[in-house]
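Structures given as structure tokens follow.
Here come two complexes built around subunit A, the first alongside subunit B, the second alongside subunit C.
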Partner chain A sequence: MNKAVAFDLLKTPLLGRFWRWRHARTVMQVPLFLVALVIVWDGLTGSPLAPRNLATILPWLHYRGFVVLALLVFGNAFCMACPFMLPRNLVRRFVQPTRHWPARLRNKWVAVTLFVLFLFIYERYDLWSTPWWTAWLVVAYFAAALLLDAVFDGAPFCKYVCPLGQFNFVSSLVSPFEVRVRSHTVCADCTTHDCLRGRGTQRGCELWLFQPRKVGNFDCTFCLDCVHACPHDNVGILARVPAAELWFGGARSGIGRIFRRADIAALVTIFVFGALLNAFGMVSPVYVLEAWLADVLNVQNETPVLALMFVVVLLLEPLFLLGAAAWLARRLGNLAEPTVRVALRYVYALVPFGVGMWAAHYAFHFLTGFWTFVPVVQSIALEFGLTWVGRPRWDLAALLPPVWLDPLEWGLIGLGAFGSLLVVAELARRDAPRRWLWVALPWMGLVLLLTLVAFWLMGQPMEMRGTLLG
Partner chain B sequence: MKQIRTVVVKVGVMVSAIWLFTTLLAYPVWAHSGAPIVVVRDLQLGAYLIERLLADPDVGGGTFEVTMTVDGAPPPEGTVVRFDGEPLDGASPALSVEAQRSPNDARTFIVTLPFDREGEWRLSLAITGPAGDERYEWTMRVTPPGGFSPVSLLCLLPFAAAGVLWWWGARHMEAPTLDT
Partner chain C sequence: MPKRMFLAILFLLGLTVACARRENSASVLANLSIMPGTVGTNDVRVQLSHVDNTPVVGAQVKVIGNMNHAGMEPSIASLTETAPGVYEGVIELTMPGEWFAIVEVTLESGETVELELPLPEVKRGE
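Here is the complex of A and B:
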């Protein structure tokens, strides 16, 4: 997309050579698959206490931390090494599905619903503190990926269903690297289109992203099938300006025009406001609010209280805030198009802020609980009679000195907000070159408002998952 | 211009990589950052329901706040809440301070424990009163007091640098197009 930037990770000596190897993805998937097996095993048979079980520590502390760090410095690394695809790929060697994913479902609405459901179940049943349910969630993930991709061709699970994948797709919009063609001139002379169709036993893109027309990271799993399929060695992992694709309004292969896709806009909205809601679910004031709502609704069960909070934060609040900002921008900038179209375009500007918020939240858990796997592994080893590992060091927890943590959170949120302001400015410059500041003003106000909320949230008393000594 | 951009991107990637590498090499330390943390919530302790127990265990003045009810009502008059603390290595004298009921919320008791140094401390919450006598113990790391410091500023520098680089890149990049 950014023609001037040409730094290509696939041309670096070690990483590049590894990734150009056809079995690189499998090599990355196998360790994660083994980790998934350990998670399921310990979750179903190990300690029910969250800080003492790998099923809660590894996914909710380490996986999420590594995912956001990788998204910030590289790209969609988890999808690249996704363990759920390993058994699916094995089955695909014997079963070639012939059915097509239903046309009606070729959008993100199923994924949006599952993403909301995932966030809801996470809060309602405290998944982070439940090894047993976490283990079953992993099992369900493997089963769903296997089943859907055994019945339907392509990769419908990744493209239309997987909530984790959608999270990664949206986050990777601000990643500094992108899988894209090195030279469009080479593609212009290509007649075989192997990057999409595949070549021999090598698959083409199963998410139907045609490289010469592909823009940005959305829907890209970094599987590198296109890299291996291209007979001209014309696909690389190239550096780019993060988030620049957010002000590209043209058509994208396999996606269309994102500014006209209400389903993707809804996904982005859930991603951004879900970041605040998910963080709110771990701070002290949520208990006060829940108790108050339970009193008002006169209920004892948490489900209706939580459902009401979800409706307000993920539906009513975005409708009001995005609607108001779009209406104001339209009025102040004399934009001709309807308010909805303005909102559909500018909601993408909030993505960097959302990524910053998720990163600050996950980095907090990751950095405060990084070493917790050591005593748990020691404990398991002792159960198997491996006494040489020593007594479990339950006192181990954080990776960084405490004084580093707050500034890191502020920095991540602040940098995300800065990125959002950049995108707002770029979009406004394109919409109204002479009155761009007037168009940008309401959206900048919204970004600042959300940023203040984020700072307030991160300053609240919060649960230290997996780090209390008990 | 093209070469300058490439150099800027390379420098950006390098700075990010160094920062990440430094982060990964950081030595192991123990839990707790500036904000108070939730020790327990919704814990039934005899007749008392501990709705939440917050801790901000900083050297100099660790604050603890417990919110609890008895059958949905604030604990009855005469309920005494006491917090005790003792370092695991026994190198400092044990602390014992009675918590005061909050004037704003009859369910909440607040106390400050004057920890004299960092380290692992065994802490306990003791409740005595008409609804019964109960005790809850836990261990946590007493940490340096939070707040803004030169180190904080240092931690923010990479983000500021990344912001400048981002802005520069966005301003100087060519407009995103598909040039097929």
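Here is the complex of A and C:
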């Protein structure tokens, strides 16, 4: 039976031709690099008020909005055009790192820690309302990428460190496109493996994903180095069934078996429960809870209160919920393997729900504040004497009428939850073909519970104070 | 080529740090009060004076309330002059938290002045 040929974006007339060009990534990176410079400049020298500064508007509204949009309709577009890699790539032309990333750190634990730290700092220091700190965060990102990749070979910053990249890697598991080989037959005859090793001055995959054995989007930055390195023009950006890789338990190049990787499972857990926690930080009940906790702990400082919330929501709650669902699934489905193994496998089923939750949250800010960059740009232009831009239109903000937002958010969460239910069902069918419903039930219950929590969160009145105990 | 690009990036980074911003000096002073300062409809009152302490009369005044969070819908109020230099109106504050106001003043001469004023923290309504 002939397998249907998947739609290949690299074979489309305009995009395909552009992406096949060797310098396409640099061309995409340069505008984002310039935007990053503007963010740093405005953040360090401009208004300290968030809606009047591009350092808070562009990263916290537009970047996040475009990232989730691209992940939903395409794939890992931000890593593809990552501006942090531009100076790093230039430095690599002069400095060739000789050290290897330490073997003990070749996992996601550092990234998981940094992801949690990022979420914590975001809440504790109100990054969303602080242009100055946001600017320094961007500077720190450039410095970290530059330093690490100047010392260690490959792309350890992307693979093992970058929290934004990890967010994109997990989200892209549900993306409709992936970079993969067009024909495995061609790869079978290949002896040079240029997609991994590189060819001449063209790099191979720096995240050590060997195309013929690469499965899915995890750890793929869509840098297209493999596309340019392949002498047989056998790598494309192919359409696929979104989220289907979530029930693939086999070995993946550069990753191994994800169902046996506790570090990746932890990353996914933080991704899913962090989506709820991040939204919880914006609604009124969080202030009531924080005040109560501060009273119980007898503290005035926000740090221990927030730390306790993080421990509960990102550690204890997932341990209990995932553990209970796995234990129940094992008992009801008569599964032979340990509870931990069941949890390590089914936690991936929560990814679509997590993506839906992040997308709903980011879409809200993106759509309510899309036009807010206009008056800020006008204001900056006036500073430089460009009066033809007119008075700043501070009344500009929303892209869509507010009445559209609730259905859109509920739709995104519902779609994510539906995707999670499908993945649960598929995993259960593979685990216990005859008792799959019994295996699936506890996990479906968990998905529904998280969905109800998400709907409750979205229904709460928003409250935006700089300090939670303020 | 790479060397030139590297130097260009260094130059841009230098510019980023070096570019200082121009401070605007206001020709109008404003005193803003808002009651009751809770979520919902609020009375807003702006008293405007020139730097020589004379009231600003006959101006068109607009108050734009916004939260110190990028991406929030601003609240807008057009004020009417109720006494020389005193402008009043109502503004809808949509959620509790930290707000600030931009007061846009169009003077009789046609000159426009923009002032940025902090608001007291908006509390939850009854």
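The working rule: the second predicted complex is superposed on the first by the 457 of 470 C-alpha atoms of A that agree within 3 Å, B and C clash if a C-alpha of one lies under 4 Å from a C-alpha of the other, contacts with A are read in each partner's own complex, and residues count from 1 in each chain.
In this text, a residue touches a chain if its C-beta (ideal position, glycine included) is under 8 Å from a C-beta of that chain, and two chains touch if they have at least 3 such contacts.
All figures in this text were calculated on a predicted structure; none of them were measured in a lab.
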Fit or clash - subunit C, subunit B, common subunit A: clash
Superposed model, subunit A: greater residue contact from subunit B or subunit C: B
Partner chain(s) touched by A:354 [first = subunit B, second = subunit C, both, neither]: neither
Partner chain(s) touched by A:93 [first = subunit B, second = subunit C, both, neither]: second
Partner chain(s) touched by A:442 [first = subunit B, second = subunit C, both, neither]: neither
First (subunit B), second (subunit C), both or neither touched by A:165: neither
Subunit B versus subunit C as contact partner of A:397, first or second or both or neither: both
Touching partner for A:422 - first (subunit B), second (subunit C), both, neither: first
First (subunit B), second (subunit C), both or neither touched by A:414: first
Contacts of A:368 with subunit B and subunit C, given as first, second, both or neither: both
Touched partner set for A:204, first subunit B, second subunit C, both or neither: neither
Clashing subunit B stretch [against subunit C; choices 39-47, 147-155 or 165-173]: 39-47
On subunit A, positions contacted by subunit B and by subunit C: 284, 364, 368-369, 395, 397-398, 402, 461-464, 470
Complex interface listing, subunit B residues touching subunit A: 1-2, 5-6, 9-10, 12-13, 16-17, 20, 23, 26, 28-39, 41, 51-52, 54, 56, 120, 138-141, 143-144, 146, 149, 151-153, 155-156, 158-159, 162-163, 166-167, 169-170, 173-174, 176-180
Contact set on subunit A toward subunit C in their complex: 33-34, 37, 40-41, 44-47, 49-52, 56-57, 60-61, 86-87, 90-91, 93-94, 128-129, 284, 364-366, 368-369, 372, 383, 391-392, 394-395, 397-398, 402, 461-466, 470
Subunit A contact footprint on subunit C (complex, rising order): 2, 5-6, 9, 12-13, 15-17, 19-22, 39, 64, 66-74, 76, 95-98, 100, 102, 104, 112, 114, 116, 121, 124
For the subunit A and subunit B complex, residues of the former touching the latter: 1-7, 69, 72-73, 176, 184, 187-188, 212-213, 215, 239, 241-245, 247-248, 250, 284, 287, 291, 364, 368-371, 395-408, 410-412, 414-415, 418-419, 422, 426, 458-464, 467-470
